[in-house]
Amino acid sequence: MEPNKGLVSALFLFFLLHETIASPTPKPHIKPRPPPHRPCRHLTFYFHDIIFNGKNSKNATAAIVGSPPWGNRTILAGQSHFGNLVVFDDPITLDNNLHSAPVGRAQGFYIYDRKDIFTAWLGFSFVFNSTQHRGSINFAGADPLMNKTRDISVIGGTGDFFMTRGVATLETDAFEGEVYFRLRVDIKLYECW
Amino acid sequence: MEPNKGLVSALFLFFLLHETIASPTPKPHIKPRPPPHRPCRHLTFYFHDIIFNGKNSKNATAAIVGSPPWGNRTILAGQSHFGNLVVFDDPITLDNNLHSAPVGRAQGFYIYDRKDIFTAWLGFSFVFNSTQHRGSINFAGADPLMNKTRDISVIGGTGDFFMTRGVATLETDAFEGEVYFRLRVDIKLYECW
Amino acid sequence: MEPNKGLVSALFLFFLLHETIASPTPKPHIKPRPPPHRPCRHLTFYFHDIIFNGKNSKNATAAIVGSPPWGNRTILAGQSHFGNLVVFDDPITLDNNLHSAPVGRAQGFYIYDRKDIFTAWLGFSFVFNSTQHRGSINFAGADPLMNKTRDISVIGGTGDFFMTRGVATLETDAFEGEVYFRLRVDIKLYECW
């Protein structure tokens, strides 16, 4: 982001000064800031979460590892799963097909954090190690998961995503009971180094 | 932060060049950097945490969901609660009154992480959805909670707080035994988009 | 980082304009961006993690506080410890000697998040309170810990590390069974305020 801003202001000043030099009465006219923000990079992925339920150990990509006093670690707790901490290592795909070749792994955790409605707090990374992408994107934020879309923060990155920041829009693309869900993640990076 | 810096440097250059053009012997004079940092945005809130203790399920806004081998999930563990992971969904208010109308929710977790003194690691969000604020602010950092004030990082934001960064100063405003505490959060944002 | 960029672009423009004024046919020539990124600050530390195993409560600096349904909190679980959540308060030293005087504490958590190989997700802080450093550095990211080196994000800082961002390279410097490990952390900060 920085270099572009540098160029824009350099060009802007360049023309401002030309005008200034040509005109006898210079009017310092500050151009209004251009409208909102365009991502410097835009990526879309899907990831697939299969929670261990005591019977699916072969396929499960996630497990409950913390629960409230009234819960256990095999069945998501009542009261909107409040207090369940889930660890995951989910395949990332380019389309919405669980069986497509994964392009990376989504790894981290979510904690259900509200009693009266489904919301969670997320901390996780997308980890890539392919010819297309190498490196990681780190995410954190609140996921009010009953909303059609919700925004979390891209808080950093490494490798191909060195020092990046941005916003990721999550959308529940599908779910099956309490075992499987699929998220569509629309990553808009606004700081690209 | 960025646009202001752009304008400032544009104006600075504008005048520098005017001077340069007028004077026969240009003196490239670089203005010293202005003193420290002023937040581009400054907000103060309170939030209220009521930990479930087995008897207060109606009022509780938080629950212990992880504990060390020597602990359980109804009573905070000995040794400064080391190892207790607490999930919370706490009301945010503008003043220090628990019963004031909440303006948002503080959602996330803290983990007590030291045996000989009370310290915790925090990952949480302020989630707003009112006419005044819409969006979220994401926080992370160490909370040495016996200190009068302690600083954590604002690592990102969405909506009205798009891409923000800053520092939040926490202060324990009140506590009652091991069930209730109230934090005052002074949020100073230094990157505002 | 910002101020330097400001100065650089100011000087660049200053000379660009001088040239422009002197020459009859101005050629707006944008200098290419200088090669990669040099840290504005570079620090190296070690930290030492001793996991509680039921017998070492005196020395232990970490404890298992969450585990998958098939595990417990005294022994790291099978399947690459998938699902174990560990809280730590580890001494930071300047060299690789566990018994050197600590210069700070590494505090936070890691969660083993993969079944077929050792990987973890980290959220933690370096907390300093000495004459040399005062303040904190906050980290988050994926740690594929079988790799010789792996990068995580510096997502913020306070005090001497106010608003910093960067990348930290982790390297397992030593480990002893499942009880002790030592990480070398090479912190490269690219945003320094």
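Letters A, B and C name the chains as they come in the text, with residue numbers starting at 1 for each one.
As a convention for this text, a residue touches a chain if its C-beta (ideal position, glycine included) is under 8 Å from a C-beta of that chain, and two chains touch if they have at least 3 such contacts.
Going by UniProt, the chains are A, B, C = Dirigent protein.
Nothing here was measured: the structure is a model prediction, and the numbers come from that model.
A.B. asks: If we look at subunit A and subunit B, which chains touch each of them?
C.D. replies: Chains touching both subunit A and subunit B: C.
A.B. asks: Superimpose the Cα atoms of subunit A on the matching ones in subunit C and note the rotation angle, 0 to 180, in steps of 5 degrees.
C.D. replies: Rounded to 5 degrees, the superposing rotation is 120 degrees.
A.B. asks: Regarding the subunit B and subunit C pair, does the interface count as same (over half of residue numbers shared) or different (under half shared)?
C.D. replies: Interface between subunit B and subunit C is built from largely different residues.
A.B. asks: Would you kindly tell me how far, in whole Å, the mean C-alpha position of subunit C lies from that of subunit B?
C.D. replies: Taking the mean C-alpha position of each chain, the two centres sit 20 Å apart.
A.B. asks: Multi-chain contacts in subunit B: which residues touch at least two other chains?
C.D. replies: 9, 13, 17, 21, 65-66, 85, 123, 140, 155, in rising order.
A.B. asks: Which bits of subunit B are touching subunit C when the two form their complex?
C.D. replies: Listed in rising order, the residues of subunit B that touch subunit C are 1, 5, 9, 12-13, 16-17, 20-21, 26, 28, 30, 33, 37, 65-69, 82-85, 111-115, 119, 121, 123, 140-142, 144, 151-155, 165-167, 190-191.
A.B. asks: Spell out the part of subunit C that touches subunit B in their complex, as residue ranges.
C.D. replies: 2-3, 6-7, 9-11, 13-14, 17-18, 21, 52, 54, 63-66, 72-74, 85, 87-89, 105, 107-109, 123-125, 127, 135-136, 138, 140, 155-159, 162-163, 193
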